[in-house]
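When the chains are written out, they are named A, B and C in that same order, and each has its own residue count from 1.
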């Protein structure tokens, strides 16, 4: 089992401090998250905005430092410090939501793509690297590839630029790729080209992927396993098909019932109304309890732990017995 | 059939630098009483421009080249600005997407709503205003305290509900929802869609829903109009369009929804990019990206084939069955 | 580099920018071609003492019979050099200190911020005055001192730019790719963030010229150099009956400051058209 485990996360926390009029409060963006990812696996991270999924991605890619917790990558602890050795740095890559924000507007595509190759010593010289880039551009469907080298980011469409983001990350052949809402800003008809490229390249290199999204149908389509996040905690984790067709956690049930679908209208499971959506510093009990239509008295007192309810299907909810 | 809105040959252009962008090209559309028509399209389709043209809120560099809009008996295109101001927000209104920037940050919600009421009802008493505000808030499921709040104190969902209440403030007959739920969470979006459905019944509203999200249209609308690069390519009852589309663009759009994909590997998009809208091609605007296009498609513009309320603009479609 | 053409084109649509640039180019020509333009040597004495403007002496002569036009022309060199060097030092220091401080943050950033705030509160001119009075008034020294006391306003701008650029996706990705912090600073942050500093530097050039003129006027300028300020200072005794001794150097001083001010305006318009009330495209 240990050989296939690429990444292990134990009780990961990332808190942001807010200082308002002298009083300190915390935003618990990531609040005790534990899971693992196997080699070549695609783990979907599903949640709405503000649930901490993007922060999780930034912490795992070592761009942000965690507040607490362990991250073990290829049997080596990488948490504790943001410094990574070159090999590990190359091995973990990230793609962000807005392609236009991910590129230096002053650099041509060639300039932007050559940098990672140069830093990690891929290719002997500039013309060698140019060839490598052209090859990847061709693979990604850019015809003729050389025409795109001299372009600037703002001259490309969102879909094109995001595909180049994928190339930039995958040229380094990382073992682990984090894709943070990478198609959310793109038109429907364009998403496929980015997703297909992503799937092609990651399967070719056996790259594990953490696919962060708020779109359930996309998450279900792409992922092997799916983790549902609410206010910084994983509330459900399991096989993607299982979780989306047989959701156990009340939040997952509500989420799925509300996701707009082109099929027949589903019966909506209504959450209880709470009128503030800011992170309430829930001290005791389940963080979802205030909105949960199935909440019991116990739910406001004890915090549920993630445990295996059905085979390989984990839920953090007191309504289920071990 | 009682048309509340009749759009005839509407053509809208933008002047940018020294080019003219053909944003909306010869659109004709009908919306009957108590019908909700969804306008579906991706970026560059012109759907939002069309909405703004109907309510005469186009930016200064846009102009209506041609066409007529008949809304509730008003010949909106040929009316002067003053005349339009008298009826806009009284008999018809629009809910925008960027609610944050549509509300004044330094005025309280009740002040802003009162202003809209008083503008069109100069004789109204304070008491009537207050009872109306109470009723409106009830309709959109907002607590009374929202009235005394400032925009920045409200969550995204609450703001959007305020925008809807504001649009309904003078009980219009026709409302346009311009990407009104796009920036919201799935659950909030779902709740608002339900509330709008309720309102439609209560107020006998007729409406137009502009969106790129086919799932939203499925929940809210009776008919769907598909726009591409400024043209209307297909129109018809909702389930027809979704489950039995005629136009190649509609087909491709529907099949790019993850909902419709059984297995990985079938995720298809539409290759290519939007055409340059400053230079319309000779033939069908979709031809360069269409898998079925032949010579004729590049030479002539297909006219709208009509059968009852089912319309398609495509040479490859021989017959339209309802 | 393609953007440079657009930049230039846009710059010249702003009337202030055009005028400022035109004046600047004229002054630059005066400075470079001083030898060819001025009819006399700037320090050549003559017997035509305090003679009014005439065909022989277009700007008249001063109390030592020196041709004022020639002196003004040569004085351009002093003023422009002071402007460039002082503003250049200020810009370089401001950019580096602001960028490094803003990027790395922490205690260093807190200290630097306090320094910046303090400097912005002190009347800089008096500080310069005191330093020059104590340590001497060699021209290069004056340029240095001006540069060393005016960098905080540039640093403040650069620091603000850095703080905002730091949060951009491109910096996050750069880290993910493995770019070193130094590389990120020099490749991404400084090149993308320095434009407002450039606009501010144009204004600082005018300020530096004025400062040097003021120092010279107060007798603290470099005694070996012909500067407009020195000319104005020397003309004080004679100005009531020989207006040309003070007016011409005065006009040129104003012209130089105005030119840079307009150039700063033009740059501001080019870089941030929305701020200047121009309709967005």
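Couple of notes before you dig in:
Please note the rule applied: a contact is a pair of C-beta atoms (placed from the backbone, for glycine too) under 8 Å apart; a residue touches a chain by one contact, two chains touch by 3 or more.
None of these values were measured; they are calculated from a predicted model.
Counting C-beta pairs in contact, the chain pair with the largest number is A-B. Farthest from subunit A in terms of Cα centroid separation is C.
Closest to the protein's overall CA centre, chain by chain, comes A. Separating the centre of subunit B from that of subunit C, both taken as means of CA atoms, is a distance of 54 Å.
Centroid to centroid, with C-alpha atoms defining each point, subunit A and subunit C lie 50 Å apart.
Taking each chain's centre as the mean of its C-alpha atoms, subunit A lies 32 Å from subunit B.
By the touch criterion given at the top, residues 48-49, 141, 157, 159-160, 187-193, 195-196, 199, 214-218, 220-222, 254-255, 257-263, 265, 268, 270-271, 273, 275-278 of subunit A touch subunit B in their complex.
By the touch rule above, subunit C contacts subunit A in their complex via residues 2-3, 168-170, 172-179, 187-188, 191-192.
Here subunit A touches subunit C in the complex through residues 58, 61-63, 86, 89-90, 92-94, 96-98, 101-106, 115-116, 119-120, 152, 165, 168-169, 172, going by the rule given at the top. Against subunit A, in their complex, subunit B makes its touches with residues 42-43, 141, 143, 155-158, 185-187, 189-191, 193-194, 212-216, 218-219, 242, 252-254, 256-261, 264, 267-271, 273-274.
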